[in-house]
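Two complexes are shown next, each including chain A; its partner changes from chain B in the first to chain C in the second.
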Partner chain A sequence: MKALSLYQDRGTVVHRVDSRSKLLYILSAILIPAVLPGFMPGLAMLALSILILATGKVFGKVLPLVGFSLLILASIVLIQGLFYSGNKQLLFSLWRFGFYREGLLFSGGICLRVMNILCAVSILVLTTRPSDLIESLVRLGLSPHLGYVLSSVLQIIPQMTATMETITDAQRSRGMETEGTLLVRMKAFLPLIGPVVMNSLVSTRERSLALEVRAFSARSKKTFLNPPQGGTANTVIPLVLLLAMAAAIVWRVMQ
Partner chain B sequence: MKNSMWNLKLSTSALVLIPAAVGINYIGKLFAGLLKLPLWLDSIGTVLSAMLAGPVVGAICGAINNIIYGLTMDPISFIYALTSIGIGLAVGVLAQKGRVNSIGGAVVVGLVAAVVSTLISTPINIGFWGGQTGNVWGDLVYAGMVAHHFPVWIASLTDEFIVDVPDKIATVIVAYGIYKGLPQKLTILFRHDSVTEQL
Partner chain C sequence: MNKIEIRKLRFHYSAGEEILSDISLDFDARSTAIIGQNGAGKTTFVKLLKGLLQPVSGDVLIDGINTRDMTVAGLARHVGLVFQNPNDQIFKNKVLDEVMFGPSNIGQSPDEARASALAALQMVGLADKQAENPYDLSLSERKLISIASIVAMHTDIIIFDEPTIAQDHAGKERIKAIIRELAKQGKLVLTIIHDMDFVAETFERTLVFAEGKVLLDGPTREVYGLPGILKQSHLEPPHITQLYNRIGCQGAVLTVEEFIAARRAGTGRPPVSA
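Let's turn to the complex of A and B:
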C-alpha cells in the first residue's frame, strides 16, 4: 500500500545506521550549537549534516524541505534587519530602508539554527523507513499501541486524500461552486469535508472491531518481526554523540 | 473514578479514532488550501476527537499530528506539538463539561482554544523565529509594532492572536457541525459517562 513518507531508498551507509543513532544526532545538532557561543559551532554542525546527507545521496531531497521555511526566514531577515530593537549600526541602505548590523546578525543566528535543525531531522526522515523508526521507538519503550497508531496514520492519509478527490468530483458534478468570492468558497468547505470525515469516522468503528477480534488489547508481551540491528557502528555512534554533548556542556560550565 | 475524563487507559475505539482525526486535520488543511481560504483549519480532527473522547485523546491526537507533520513535511512542526496538545486538552475539558452545545458555545470554546494556542505558541515563536508566525497579515502587524518600539513579546502575542482567533473559532464551529451530524451509535463508542446496564 502507498504510505505517506519522505523516505528515499538509496541503500548507502547512512541508511544502515539505526534510527536510535540518528535520533541522538538530532539532539546533539540542537544542543551543541545552543550550548557553545558564536556562529562557528552551528556552521560546523551544519557542514557535518550536509556531508552526511551527501553521503546518503539524499542532499537533493533536502532542498524542497528547506524551501518550506525559506519564505519565513526571508521575512525574518527583512523585518529584523529593518526594525530589530537593538539596531544601532547602519550597514547599508536599499532605497529608503536602512538595514542594521545587529538585526541582521540576530536573524542570521535564527536562520542558522533553523537550517541546522532542518538538516539534522532530514537525515532521519529521508534515510529511515518510517516503519523501522516506529519499531525502534517501540523497542526503546514506546507503547506498541501507540506504535500502531503512528503507522496507521501514515497509511490512512493517502486513503483519505483519495476519498477527498472522489468527494470533490462528486460535489462539483452536482453543481457546487468551489471558486468565486470568499463567501462562496467558505460555503463549499463543509459539504466537501463533511462526507470525508463521516466516512473515516464510520470506518473507525469497523476497524476497532477488526482489531479487537485479532486480540489487539491482549496484555501478553508483543514480539518483533525483525531482529534488532546490531553492529559496532550502532554502539560507537551513540557513544561518540553522548560524549560530544557532555564535553560541550562541561566546557560551557568551566568557562 | 472509573469513568473520569482523565482516564489514561485508552480503549481500542479511542486509539483507532486518533489516526482518523490526524487524517481529518490533514484533509482540512488541504481543503482550506484548495478553496484558498485565508485560514489554516488544520486542527479540526484534534478538536473533533477532543469533543468525542475527551482531553486525553485530544492531547494525544495533537501530539501525533505534529509528529507526523514533522516526519513527512516540515520538521519544524515537531516543536509546535506543545500547542496542539494544549488545544486538545482545552477543548476536551470544555466539551466534557458540556460547553459545546450550541453555535454560541462553539464560538466561546474556539476563543478559549485561541487563547491557549497563543499562550503556548508565542514563547516558541520568540525563541525560534524571533517572534514571527509566518502568516502575512500577522507578520505585517508584528513589523508595524516592532517599528513603533513595542516590546517584542507584545508584538509577537498580537501577531499570533489575530491569526489564531478566526482560525480556531472557525475550526470549532466546523467540528461542532460535524459532531452534531454523527450517528449516536458512533458517538457512544467514545463516551466516558456510559454506564453498563445489568440485566
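Let's turn to the complex of A and C:
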C-alpha cells in the first residue's frame, strides 16, 4: 500500500547513514549559521546540504519543495526590501517603489536560513524510511506508544483515502449523486463519512486487541526488530557534527 | 434482448499494464458466475459494468445505454451492485432506513421505498430486525442487509461481489434462494465468487477470467467438465465433481443429488439436464 511519505528508495550511501546522524545534521545546519556571523557559513552549509542531496540522488525531489517556498520567500524579499524599518541606503527603484540595501540583506538572510532548514530536513525525509526514523527515535528514548502513534498516522491516512473511495463507489452505486451543487455535496456528506467513522472505530478496537495479544504494553525490556546501524561512519558523523557545533559556539563566545 | 452487451472492451489503470484486454460478451437473463484467480480482473470488470470505471476503449451497453453517456447514480436504476464489504455502505442507525436509502435515491416515493425495503428484508429473512441498529448485528447479517438494500431498488441487473463471505451454511442457502428468486423474476444476476460448490449449485452460466481475458464461457456444467483448462487458471471443479471423477466416472455432476442419481443409475455419464 502507498504510505504517506516522501521517502525515495535509492539505496545510496546517504540512505545507509542512520537517522540519528541526520537529525544531528539538521540541528547543525540550523545552529552553526545562526551562531556565526555573515552569509558565508550559511552558504557553505547550504552547499554541503545540496552536495549530500545530490549524492543521495534525491536533489530533483527537493526542487518542488524549494519552488513552493520560493513563493513565500519572494513576498518576504518584496516587503522587507520596501518597508524594512532600518532601510537607509536606496539600492534601486522600480517605477515608484524604492528597494533598500538593508531590507534586502535582511530578507536575504531569512531566505538563506529557510533554504538551509529545508534542505537539511529534506535529507532526513527523502532518504530515511519513516519506520526506521521512528525506530531510532524509540531507541533514543521516545516512548514506544508515541512511536506507534506516529507510524500509524503515516499508514492510516492513505488507508482512509482508499476506504473513502470504496465508500463513495458504494453509495454512488445506490443512486446517490456526489457531484454537483453545494446542496448535493452536503447531502452526500453523511452517507460518506458515516461508514468511514464506524470503520475506523471498529478497526481501532481490533488493532488494539491485536497489539495487546502480542504483548505491546508488556513492562519488560524490549528488543528491536532491526539491529542498530553500526559502522564507523555512524560514530564519526555525529562526533564531527557535535564538535563543529561546539567549536562554533566557543568561537562566538570568545569573540 | 441482451441485458448487457460488451464490445471490444479494454481497460488499464496505467498504460502498458493491461487489466482487461479485448473482451466482447453478451449477457442475457441467465444467472452467471464470474470465477478466476485473485487479480484476474473480475472486480475491475464489474466496476466497468456499473460505470464506476470507464473503458479505455470499447463500449459497455446496459439495457442499450452506453455507460459513457450516464452517471453512476443514473445507472443505479438499471444495475445494482452489492459490494464485498457491507461496512463500506451502512451508515443509517436503523436497518429499515438503510435499506430504504437506495430506493429513495432513484425516485421511489417514501411509501414505495418502505414497501420495497420491507419486501427485500422479508426476502433476506431479516424482517424482524428492521428497527435494529445495523452495527448491533453480526457481519453475516450486515451482508444480508447490504443485499436487501440493493434488491429493494428493483434493478433489472444485480451484481454480487463475493456474496457468501462470512456466511454459514444457512446463510449460503438463503443467498442461493435469493439468487434463484431474482433469476425467476427475469433479472440478470451476475456474481463474482470463489466458492465453486456454490457456483455449481446456483448458476446456469459460468465465465472464467484469467489475466484479463475470458478463458471459458459456457453453461456451468460444460465449464466444470474441462478440468484441464480450469487448472490452467488455478481453479478446481466443485468437490462433488472431483469426487465423481476420482472414483472413475466420466463427466461433470454438479450437485450431491446428481451424484446420487448417477450412482444409483449405475451410469458413468452425467444426467442430461440439471
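The rule is simple: the second predicted complex is superposed on the first by the 202 of 255 C-alpha atoms of A that agree within 3 Å, B and C clash if a C-alpha of one lies under 4 Å from a C-alpha of the other, contacts with A are read in each partner's own complex, and residues count from 1 in each chain.
Quick note on the criterion: a contact is a pair of C-beta atoms (placed from the backbone, for glycine too) under 8 Å apart; a residue touches a chain by one contact, two chains touch by 3 or more.
Everything numeric in this text was worked out from a predicted model, so none of it was measured.
Enquirer: Between chain B (first) and chain C (second), which, if any, makes contact with A:Asn87: first, second, both or neither?
Expert: neither
Enquirer: Quick one: is A:Ser217 in contact with chain B, with chain C, with both, or with neither? Answer first, second, both or neither.
Expert: In the superposition, A:Ser217 contacts chain B only.
Enquirer: State whether A:Glu177 touches chain B only (first), chain C only (second), both chains, or neither.
Expert: In the superposed model, A:Glu177 contacts chain C only, not chain B.
Enquirer: State whether A:Ser49 touches chain B only (first), chain C only (second), both chains, or neither.
Expert: Neither: A:Ser49 stays clear of chain B and chain C.
Enquirer: Once the structures are superposed on A, label A:Pro130 by its partner contacts, choosing first (chain B), second (chain C), both or neither.
Expert: It touches chain B, and chain C stays clear.
Enquirer: Please indicate which partner A:Leu71 is in contact with in the superposed arrangement: first for chain B, second for chain C, both, or neither.
Expert: Only chain B is touched by A:Leu71; chain C is not.
Enquirer: I'd like to know which partner A:Asp169 touches here: chain B for first, chain C for second, both or neither.
Expert: After superposing on A, A:Asp169 lies in contact with chain C but is clear of chain B.
Enquirer: In this superposition, which partner touches a larger number of chain A residues, chain B or chain C?
Expert: Chain A has more residues touched by B than by the other partner.
Enquirer: On the A-aligned overlay, A:Val202 touches which partner chain: chain B = first, chain C = second, or both, or neither?
Expert: It touches chain B and chain C both.
Enquirer: State whether A:Leu190 touches chain B only (first), chain C only (second), both chains, or neither.
Expert: both
Enquirer: Which parts of chain A are in contact with chain B and also with chain C?
Expert: 178, 190, 194, 198, 202
Enquirer: Within the complex, which stretch of chain C touches chain A?
Expert: 47, 50, 52, 71-73, 76-77, 80-81, 83, 85, 87-92, 101-102, 105-106, 135, 149-150, 153
Enquirer: Which stretch or stretches of chain A touch chain C in the complex?
Expert: 163, 166-167, 169-179, 190-191, 194-195, 198-199, 202
Enquirer: How about chain B: which of its residues touch chain A in the complex?
Expert: 10, 12-13, 15-20, 22-24, 26-28, 30-32, 34-38, 41, 44, 48, 60, 64, 67-68, 70-76, 78, 128-130, 132, 134, 139, 142-143, 146-147, 149, 151-152, 174, 177-178, 181-182, 185-186, 189
Enquirer: Contact residues on chain A for chain B in the complex?
Expert: Against chain B, chain A makes touches at 4-6, 65, 68-69, 71-72, 75-76, 79-80, 82-85, 106-107, 110, 113-114, 117-118, 121-122, 125, 130, 133, 145-146, 148-150, 152-154, 156-157, 159-161, 164, 168, 178, 182, 185-186, 188-190, 192-194, 196-198, 200-205, 207-208, 211-212, 216-217.
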